[in-house]
Each structure stands twice: as structure tokens, then as C-alpha cells.
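Below are structures written as C-alpha cells.
The following pair of complexes shares a single chain, subunit A, combined with subunit B in the former and subunit C in the latter.
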Partner chain A sequence: MSETPEHPETPEAPPPAETPDAQTSRIGVDSWVAESEARRSRTPAALLSRGAARTPDPLKLLVFVAFAVSLPFWTSSGDLFIFGTLTLISAALALGLNVVVGFAGLLDLGYVAYAGVGAYTYASLSSPRWHLHWPALATIPIAMAAAGLVGLLLGISSRRLLGDYYAIVTLFFAQAFASFTNVTNPGDITGGPNGLPNVDPITFFGHKLASYNQQYYLILAIVVILAGATYLANMSRTGRAWRAQRDDPLAAQAMSIPVNRVKILAAVMGAAIAGLCGTIFAATYTAAVSTDYSVPFLILIYATVILGGIGSIAGVLLGAAIINCTLQFLAPQNDHPEVKRWLFYGTIILLVAMLKPVWRSLLVLVATIGFGFAVHALAVAYASHKWTSGVPSSGGSWIAHWAIIPNTDSFTGLNHGNFNNIVYIGLVVMVVITASLKGWWRMLALVPTLYLTVLAWENLLAASGGITAYLLFGVMLIALMAKRPQGLFGEARVEIV
Partner chain B sequence: MHLPLFTIWSSIHSLGWHGAFELLRGGVVLGALYALVALGYSLVYGILKLLNFAHGDVFMVGAFMGYGVLSVLSGHLGTVPLIIVMFVVAMLGTGGLGVAIERFAYRPLRNAPRIAPLISALGVAFFLESSVQLLTNSAHYQYSNYPVFFSLIEPAFSFHIEGVLEPVSIVSLIVVGSSIALMFALLFLVNRTRLGKAMRATAFDREAAAMMGINTDRVISAAFFIGSALAGAAGVMYGLQYSDISYLVGFAFGLKAFTAAVVGGIGSIEGAMLGGLLVGLVEVFAGGYAGGQWVDVAVFGLLIAFLLVRPTGILGKHAIQKV
Partner chain C sequence: MEATTPKPLLELRGVSMAFGGLAVIDNLDLVVNEHEIVSVIGPNGAGKTTLFNLITGLYRPEAGEILLGGDNLVGLAPHTITNRGIARTFQTLRLFLNMSVIENVMAAQYGHTKVDVVRSMLRTPGWRREEKQIRARAEEKLSFFGQRLMGYRWDQPAYSLSYANRRRLEIARAMATQPRILLLDEPAAGMNPVETHEITDLISQLRDEGGYTILVIEHDMHVVEGISDRVVALDHGVKIAEGSFEQVATDPRVVEAYLGTKATATK
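Up next is the complex of A and B:
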């Protein structure tokens, strides 16, 4: 009778210090953080990134080179240029930007203008413009030095300032450069809006590298050299100084790191790499044109670096492949129009599948399909036939039985006014609403949002490819910064306040 | 945006005193517009220390909202009510846009590394630009398609300089007058109201302000609303003054307005006004005397010169950086 059921349990209750969590937790890591990391480490994405982290870096480079070298053997020459050469050019540019933004933490928004400086220098020295045809071995270093000098001047002029001012100075420089080169100047040094045409291809010791394959391998070699050089630079004493002043400038200064000099070194190095890429760009396109080196290109390079992961060389190469291929598949004229459609619907389904738990994503998918058929049936029943007889612009005819696609043919079609614009604005509003709701309400709002996404895609976005790509890059930058600032391969950083 | 102005300048063959007057008139009007946009930069920068790259594009969206109202209501309303409706719609619309931008692009990044919100801002700027490009099919739109534009470019008064009749149009008086009025309204708001006090407190020390019971998120939203609404008003005035708008109008304009904010002393309202005036005059005189391609270069030179010689701007105070 004296024993109560509670008594025997109390001595057996384990003290909190002996829990397995506490034993395995690392020094200096809070147990809550350790638990959350352990939970996250089981997801496929974490496994993948851990696998990537364990692979030795030279092996990664070898895999990349092996793949890249084999590319010309199994693609057509048009595809090689669009998906190979252009990817490598943006990869080379992004590697240079990675030094500035990733390693040194400087927001350099004039980056493409340095490439423009390099391109114009190369074009002036090796084109019919001034009847100069210098060999590439002479012009490339000059172009790199010119771009580096510009980077140095900008760096010196804003060396005392906070990061934001450096960003605005460089961005303004890019703007001034673009507007200056785009107008006919006294002496016509920049050729105005037409740029400097008929630029020589790159020549090495009398060999012209003009065919697609030759260009491709030249740029591949440059990318590999740049990847190796920036990797070594990051491992060096200077690289440690870059990272130290990026994470805490004050502490770095206290450790006698010359913060300003290190920053300017990074800016100059990035600018010189950009200058190199500019020469390649001009030689590949056989022209230096002002509009190539303006803000859209800047966004492209930034999207590359940030998607891949700021500061990660492997990430930059992968980011370049993803971003450039997205841009090219979305382009209005390309040889693979069906890829666009599969990419879009694949991405949508992937995003829905990321909802947890799984039955929720299934529910949303089923509800969206049902919603679409219901809306389509209503439109067929009550609206003019012309509202539902259009041709979807991404090409899959089956989708016309589900989504409302007005016939926009100028003779037989309907004057549907601002239908596309209303759909687009409605989509933006619905995304905003969905993002601010929680729980069941969010799932409910997701259904019409998804439907509107498809409508906007089939009626408007798929048809205006280039704009859609840049729209996507803008949204991607916002979403990545909010959800995963380290990108695909970057290291998550915690700012010490 | 200097291209239409450039044609005007090149048509002025000999710049005498009357030519200089024309440049002065153009510079003051442009400067007033820069000042309005610079106020928004300054307000947001003062509170969040955030360089809102998207602000120039908010201005551009405001110009399109005004155009939308104009195209729907032109002919249904008289000139004065129509202009008032344009301003109200554009200001409310861009104000709401600013709040939404803050909510979705900047608020999740309050405690992120400094570079993150800047990249996000770049993303927002590009999202807005591409969206408008998509919606307008990359076309240019003209306010001068509607009669209101012509009733506003009538001269309010004019005078003789070197025997040439130089008019001052109604619209330029509206632009300069309303931007001065809006500046004083903003000064009153910041210095005399409860919200302004909360803003100053938040700008001074956000954490301490939060501990004193100020809802800092709401204060920041309010700052974005006000700044964006001013940019929206500037957008409508830009359309009424220069007629031609396109999706590209905002970016370079925003950069120059930011230069105005820096030159005047960032965080200072009167400074933004002075800086705007200075940038407008430098731009127009550089274009008039040197040629259109020097416009951006001259303003850029002004920015660099100020950053080197007086980084705090004309009216800025030396801030001691806290560690």
C-alpha cells in the first residue's frame, strides 16, 4: 500500500546530461541546432551537397573538363555555340565576379562595363576601325590591363566608403559607360549604336580560331585556367585576407590585414578577368556593341553567381549552365521548342511536390486540375467560342482543353483586350496573397494561383521568351535571398552582429 | 531618357543668355523631379540603411499608372479633376507597391548579411522592369496622345531675354511647386507628428526603438509607402512634363536621383531637395553645352567628386560609425 505507481519511475528517469543527443553534440554547438541539423541532413538535397563537399576538388574539375571536352562530339554546331560556348563565356565572367562578390564580399555592379572596356579595347586594336590588326597575345593583356585600371580607379575613388556606395558608384559607372558608348562621340571612337564591327577572331601564332569548335575549346581552356587560378587565389594568404575582411572588416584590420588594399586587389582582379572575357566576347561575336554590356547582362551574371552559391567555384560553373540553358531554351527561336514546355510543367510540379506532407501536394494538384476543367467548362458553356479556341504558345495542344486560351488570330480571333495583362497582374496579386496566407488558406489560394500561372505561361510568358527569362531571374534573386542565400553550393553564413 | 532632350538641345544652335535661360528652366524642372525621387531614397536609407535600387522602377510604374488613368478617364473628366485623380491613383498604387516590396523582398532579410538586401533590391528592380516590359510589349507610350498634356504646356507667363520670348509653362510650375509643397509636407510629418517621431527613433536605433514599444515594422512600411508615393507622384509629373514613357525610364532616373540624395546628404530631406536641383542643373547644362553623351558622365563625375571630397553631402552630418 505504501508504494504509489509514481515512486518506482522517479529514480529511473534519465538525467538530461546522458541523452544520446548530448553525447554526440559537438563542442560549441547548441543541442537544438544539432538536432535541427541532424533532421536536415537526412533530406536528399543535404545528402547531395554533402557528397559534393566530400569529393576532392581536383576530381570535380576533372569530371567537369571530361564532360565539357566531350560536348562537341555529340551536339550539333548550333547547339554547341548556344549551350556550350555561351555557357562558358558566362561561366568565365561569373568566375571573375565570384572573386569580387564571393571572396571579397564587394557588391560590384559595374562588372559588365569592365567586360565592355575589354571588348572595346580589343576591338580598337584588332579590327578595321583603325586598321590595326595586332595579335591576340598582345591585345588580350592590354585589354585586361585597361579593364583592371578602370577597376582600380573605381576602387580607389570609393575605397573609404561603405559597401552600398561602392555598389552605386560601380552601377552608375556601368550606366555612364553604356550611355557614353551608345552615342556617336567626337572622333567616333566607340562607333555609336553600331559598335565596332568586323573584329578579328582570336589568333595565336598565326592560327585563327574562328570555327565553333576552336572557339569552344579556347574558352574552355580559359574557364579551366580561371577556375584553377581563382581556386588557388582563394586558398592563398590573400584569399584568407579576403574572407576575413568580408566577414568582419574591423577584426581583420585589428589583425593587421590591409583591408583597403585587399579589397582593391579583389576589384582589380575581377575587372581584369572581366576584361579578358570581354575580348573573348568581342572576338566570338566579331563585334563590340554597347548594348551587350548593359544591365540585363549584369543580372544574368549575378543570377549565375548567386544561384550557384556565392564563393563556390563548382556552384558558379553549375549556375552558368542552368542560367544560360534556361535563357536559351526560353528564347523565341530555338531548335528545341518542346523543352520549354517540359521545363515549365516540370518546375511547377516539382514546386508543388515540395509541399509537406505529401498528401497535401497531391490534393493541391488534383484540386488544380479539377479547378481548371471547371473553369474551362464554364467558359465553354457561357462565353463565346473564341475565348477557348486559341493555340497555346508553348505548343502542347492538350492544354487547350484545360486552360482558357483565347484565339488571338487577327482575322478570325477575338479582340480580347487586356486579357493577358489582367491574367499577369492577377497572377502577381495571387502570388502575393498566397505568400501572406498560412495553413489551409494558403493551400486554397494556391489552386487558382497555379491555374493563373499556367494561363499566364500559355498566353503570354512562353511567347515572350527573353523577357520571361529576365523576369524569372529577378524573381529568383528575391526568392533565393529570402529562402536560401547560399545558393546551391555556397556555405551558409551567419552574420555576427 | 536624355535622347528626347538631346534633340531639343541640338536644335538650339547658338546658346546665348536665352539659351542659358532655357537650360536653367529645364534644369530646375528636372531637378525638382529628381528631388522627389531622392526623398524616397533618403527616407528609406535613413531608416534601414538600405539602398533601394527598385525605387527608380517604382517611379516608372507610377508614370504608367498615371498613363492608365489618363487613357481611361480622358474625356470624361475636366482637366483639374483628371490630374488630381491621376496623382491620387498613382500615389496610392505606388505606395502599396512599395509596401509590398518591403514586405516580400526586404523584411525577410532584416538580419541577413548586408549584401543580401542589395541583391534582392536588384532582383525587384529587374522584376518590375521586366513586368512592365511584358505588359506594355516593350512599347513607348505618349502622354501627348491626350489633350490634357497640351493644355498644360501652355505658357503660364513669359518674358523677353535678348529679344526672344521665353515662356514658362503651367506644367513646370506644377512640378516645381508641388515638389516644394511635398517636401514641406514631409518635413512636417517627420518633425512634428507621432509617426515622424517614431521614424526618427527607428532611424536612430531600431532595437532601442522596438524596446520602447514602437512597432518598427509598421514604421518601416510607412516609410516605404511615403517614399514610393512620392516617386509615383514624380512619375506622373514626368509624364506630364516629357510625355514619353517606357519601361526603361526608371533605372537611369533612379540612379541620378540617388546621386541627388548622396550629393545633398543622405538622410536629410532638405539635402535631397538641394541635391536634386544640383543634379538636374548639372545634367541639363552638361547636355546643353557639351552634348547628350556627356549627361550621364557629368552626373557620375559629380557623384565621384562628392564622394571623394565631401562624402557626407552638402547637408549631411558626419556620422560616427558604431562598432
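Up next is the complex of A and C:
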């Protein structure tokens, strides 16, 4: 970063977080000029991000709590579980990961295994497996301590490892945990692939919290406590030490901070929080199964933290809501197929809207719509109507007048499976071609690419939720990282200046 | 020099350090007395920064002793050494860039504070008291630099500071560890003439008002002349001269180290 000139006219209030996006890195524009332009800009995105930066953190938490408390009153209990409870569980997990990755800067890829340790500890002590039915008030602290202890042992043994090396060791630990619970299973203590079923619901002083509403409010309370506790920890001597050694471990040592000790503390705290979440997870699903605590889940928690903004508690909560709700809407069995489509087209339109200037994105959209009708009309005119008489797999029918959706039921010599494959491969090829072109040619190539994307979605992706969710997350994260590398609520970090 | 007999605060005895066979510091003896400003000079690669890294425990010397007030520091962890009373700045600035200005100074008080993370999360009265102290001390250290690091700058991220202010913040951060001796690694590097002049005054002030003993590495000979009670010249890890600025500046070995041998030097 170039030298920042003195600016005496700056008001007393600190300026909002600077956003080194395309604006600030324009060649030939001084960073200070770009920053002050960004501060004055009146676009909705700029206003929103400034508003978020100016809102005090406790107020953000209050808004979140008010919204979350009202949720059970206007949603069905099935929706409450899927969109409320599951969101809160991943929010709680992400809050713990935020301590490790966000505050202390440790790339811990074994994080889910701690949740697994918590889940199995709870399931062993409160299930028919050993005929132990200890109350939750006893088992939850034990599960947290067990997960924290595992975190401590791993932290002590790898305290000197930096960055990528630490990541590899912790990832190895996660895999080792998965193998241990799933395959090794000594003395059948983990139940192997079946896990430990029939786990007790959480009980407080003899009251079972078994209904969706009760579970939801319990987890909400835990999330609020965790958000508050991690926030307060960050705003203290320990939090400053975490962030100091994250920025520069050598300087932190020279400034009286015992770097290894504070790193281990963060790892243990994260592990204990994960352990707590594991108990909740096991109690909610009434089982501890090892496949729940494996890499896909780890990726989701990381995506939550990265999307929301590493180190930002408000961001983590928002990220959990976005990631979990997207995932649930995309799930094949969900009750709201139309939302799936809106998510997809919303993402596409947002991506196109990133083109500058605005008329370009409008042009591309109009051209794509026109292109679609033209292709559809050609297909209707020259091909068998079986080519265009299919039903879109995400429901609804209006889209069938625009996108080519072959009829899956009829055997007309046209193999539907091949059509999907051709569309998919064509899409990949077009994406590569579009990316390698420049200027007008790129815009021209974008039109068929978008249309192929729609075809791939309507024929193939919408029906296979699991894969599509990850594809969509990938696109979302790439787009967000390009536009806002620090995540939604995160603050831009400077590495080397 | 003062009338009282000088009391050694920092003492190096026969310290040696080599990187893979290359002797960087060779059997070095060095004494810094209490309330004294000692400058270390020498051409690039003379071993000046290595000397600082040895004293602060980032490297462990292969031979010799490093004593602070009579206690041997060799083998102690860097943060322990800082707690004993040695603080440093870095030649290549190493601030906590993503933390605010005041947080940088607050973070450096870790070693002298006690409230643990559980009490921090509960916000106990003990935490409140200590946090107030930490903040007051940070403000006091920052106010040492006049208006430069005051007011709205407290809550700005450290990366938004100008180069000169970053150097000042590094000094403030080092002061916050409550050291007995400050090691300043090229405090005037990259500063303009006005700022260089300011830093010269500041270093004297640090000694006179702050009460610190100072060991400073500096290339700018005007600064060295302005501040030093004593100058030590290093070349290839060996002490080649020691004494007042005039003595060292005119020492033929120092001239040779900087300019080459007499045969090639055109003076």
C-alpha cells in the first residue's frame, strides 16, 4: 500500500472499513482517493456496507435475536427445524470455528472431528448403548471437556507448525477420527457405520426438550451466548493477543505474547465449542453417526465463515443463514421447489449485473432471453415436439416455452441422458471459451453460455440437489471473493504493506 | 556522562553466532550502562540486526552470555525476555497491521497483565479495572508523540498510518511492554530530514523523560552524532571500534569498513 497522506479534515468518527475491491485497486488512483470515493459513493451496495459497519455490534445481535425469536410464530414446525434449528446449529459451529480461524488465524481442518467427539461422548453417556442416561447438565460439560482435551492434545503436539502444515495435521486428525469411529470401532464403542442410535433428547431438571420449538429456543440461547462470549473474548487481552499473533507471530513474541500458549487456547476453545455443538447435533438427530462429522460438513462450516466474513460474528450468523437455507432449498425433498428456481435465476442475474457499465448487463440479459426464444422457436419448427414438451424438473411450466426441455417419458430415439451430458459438456466448453475472450466477443459468447447454463439447470442440476448445492456454493463464493474478498461483514485484512 | 559510577544494565560476554559456518557475530563483548544511549553502527551485513535478534531471544547464541541486570537471558523464550525488560522495534516495520493503533499498544501489555479469558468473557470487576489500566497506559505511551498518534487515529487500523507514524507506533508499542532497555532498529530509516530531526530529539527524550536505557542501530550519522553517549562499530560480526562519536568516526578501521582500504579509497 502506498503511503497515506495526512488528512486533517477527517472527522472524529473512524471511517468505515475500507473495501479494496475493484475501486481501490484501479491503476493510477491513489488508495486514499479511492477510499474517500468509496466512502462518498451512494450505490445501494456501498450504503448497505457502510450501514453495516456503522451499526454497533450489540444492536446487530439484538436484530438477529428479535428475528430469531419470532421465527417459530410464523413458520410451520417442519420449516422451523429445517431453516431455523439447522441454521442455528451451523451458526454455533461456525462461531467456534471463527475463534480458531478468524481470531487466532489457525487453519484448523480437523474442526468437525471435535464436534464428533462431543457427539459420541454425549451419545455414550445418554443413550441405551451402555444403559447410561445421564442428564444433559452433566453430559454436556463432560462432552465439551472431552472435545477440549482432544483439542489440547492436538494443539500441544502441533503448536510449532505454521499455516499449511497445521492444516494438514488437523485434516489428518479429522480423517483419523472418521476412520476410528466408522471402521476401527474397538470393542464396538462407536457403533461402526451405524453410529450410536436412540440418543436421549436434552433434558433440563427432568424436562425433556423434545419438541421442535423447545429445541429451537435452546439452540438459539446457545448461539446468543456463544456470540456474546466469543465477542467479549475477542475484545479483551486474550483476543488482542490472538489477533496480534495472527498478524505477526514474531512481533507478537517480541511484544511479550506467549504465541504458542494463546494459539493452543484458541484451539481448545474452538474444540470445546464444537464439542458443545456436537452434543446438540446428536440430541437433535437422536443419533451420533460418524459420516455426519466428515469433510463435507467441514466445508459447509468453512463456507459459512468465509461467506460471512472471517472474524466477524454478525457475518458468521448471516453466513449460516444463507448457506443452510440455500442448501435446504436445493435439497431434492424440500417443499418449496419454486424457491430453488428463484435462487438459481437470482444468482445468475446477480452475476450478470456485475458487468459494467449497467447497459452491458441489460444487453446481455435481453440478448439471452431473445436467444432462448429463437432457439426454442427453431426447435419447435424443425424438430419433433418431443424435444420441447418436457416438464422442468424444478416444477412449473412457463419456463418450458423458453428453454428446451426434452420429454423424458417418451422414447423417440432421442436419449435424454445424452442430451443432458451434451448440454453439460457444452456448458463447460462455453465457460472456458467465454473466459478466454475479451470485450465484445466475451459478451457475445456469454449469451449462449447463459442459455446453456439454464438448460443444464432445468434438465439436470435442479433434480440433483446435493451436487448442485456445492456447485452453487462454489459459484457464490467465487463471485463474492471477486467482489468482496473479506466476505459479507468481514473487514479487509492487509497482509503485507 | 553522569557523575555516578555507571551501572551495567545489559551485558554481552563472548557472544557468538553463525549461520551455517558463516560467523555473523564473533566473540562479541558489549556493555550498555543504565540510562545510557549506545549506538551500533556498521556497514550492511555487519551483524547489527542479528545482535538484536540474539538479545531478544529470537536466536540462541552458540557461545557466550547475555546478561540483563546480572541475569542470564540465554535460552529464555522471546516473550519471557521481553517481560524481563527488553523491548525492541523492527527495521522492517512489524506492526499488527489489522489492529487499531491503540490496540497495537494495548496488545503489547499482555505480559504485564493477568486477567484470563474466562474472566474476560464474564467481564468481572477485575477485568474492568485491568482493562482501564491497559487503556490508560496505551494512551499515555501514544501521547508521548504529541498529536501524531492521538484522537481519531486511535481507532484507525495500523495499516492506514503513514510510514513515519508507523515507526512512532512501533516505539510506543515497545514502550508499552514496560522495558528497562529499548532496542531501536534503524528508527530514522525512510524518514525525511524533518522527521529525522524529530526522531533525534525523541530518542533523547525517551532517555531523559521516559527513563529508558537505549541501544540503537542507526545508519544516519547525524542521528548517531546527535544522540549517542557511546558508539560501537561492528564489521563482519566483530567489534572494530568503541568510544565517543568522534573517536569512532575517525577510527581508521571504521573508515576502512565503510569505504574500503586506503589504497582504493579516494578521500
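The rule is short, and it goes like this: the second predicted complex is superposed on the first by the 431 of 497 C-alpha atoms of A that agree within 3 Å, B and C clash if a C-alpha of one lies under 4 Å from a C-alpha of the other, contacts with A are read in each partner's own complex, and residues count from 1 in each chain.
Operating definition for what follows: a residue touches a chain if its C-beta (ideal position, glycine included) is under 8 Å from a C-beta of that chain, and two chains touch if they have at least 3 such contacts.
Small disclaimer: the values here were computed from a predicted structure and weren't measured.
Trainee: State whether A:Ser464 touches subunit B only (first), subunit C only (second), both chains, or neither.
Mentor: first
Trainee: Touching A:Asn421, do we find subunit B (first), subunit C (second), both, or neither?
Mentor: A:Asn421: touches subunit B, not subunit C.
Trainee: Identify the partner contact of A:Leu265: answer first if only subunit B is touched, second if only subunit C is, both if each is, neither if none is.
Mentor: The second partner, subunit C, only.
Trainee: In the overlaid three-chain picture, which partner chain does A:Pro128 touch, first (subunit B) or second (subunit C), both, or neither?
Mentor: Touch status of A:Pro128: no partner.
Trainee: By residue count, which of the two partners contacts subunit A more extensively, subunit B or subunit C?
Mentor: Of subunit B and subunit C, the partner in contact with more residues of subunit A is B.
Trainee: Quick check on the superposed pair: does A:Arg237 touch subunit B, subunit C, both, or neither? Answer first, second, both or neither.
Mentor: A:Arg237 sits against subunit C, while subunit B stays out of touch.
Trainee: Is A:Ala229 touching anything from subunit B or subunit C once the two structures are fitted on A? First, second, both or neither.
Mentor: Once the two structures are laid over each other on A, A:Ala229 reaches subunit C alone.
Trainee: Between subunit B (first) and subunit C (second), which, if any, makes contact with A:Leu250: first, second, both or neither?
Mentor: In the superposition, A:Leu250 touches subunit B and subunit C alike.
Trainee: From the superposed pair, tell me which subunit A residues show up as contacts to subunit B and also as contacts to subunit C.
Mentor: In subunit A, positions 250, 493, 497 sit in both the subunit B and subunit C interfaces.
Trainee: Could you pull out which subunit A residues touch subunit C in their complex?
Mentor: Counting only subunit A, the residues touching subunit C are 1, 3-6, 10-15, 18, 229, 232-233, 236-241, 243-244, 246-248, 250-259, 265, 269, 491, 493-494, 497.
Trainee: Quick check on the complex: what are the subunit C residues that touch subunit A?
Mentor: Those residues of subunit C that touch subunit A are 56, 58, 77-79, 82-83, 87-88, 90, 94-99, 103-104, 106-113, 115-117, 120-121, 123, 127, 130-131, 134, 151-152, 155-157, 159-163, 173-174, 176-177.
Trainee: In the complex, go through subunit A and note every residue touching subunit B.
Mentor: Its residues touching subunit B are 101, 105, 107, 109, 157-158, 160-161, 163-165, 167-169, 171-173, 175-176, 179-180, 182-185, 250, 295, 299, 302, 306, 421, 424-425, 428, 432, 435-436, 460-461, 464, 467-468, 470-471, 473-478, 481-482, 485, 493, 495, 497.
Trainee: Considering only the defined contacts, which subunit B positions touch subunit A in the complex?
Mentor: 2, 49, 51, 53, 100, 103-105, 108-109, 111-120, 122-131, 133-135, 138, 251-252, 255, 258-259, 262, 291-297, 299-300, 303-304, 307-308, 311, 323
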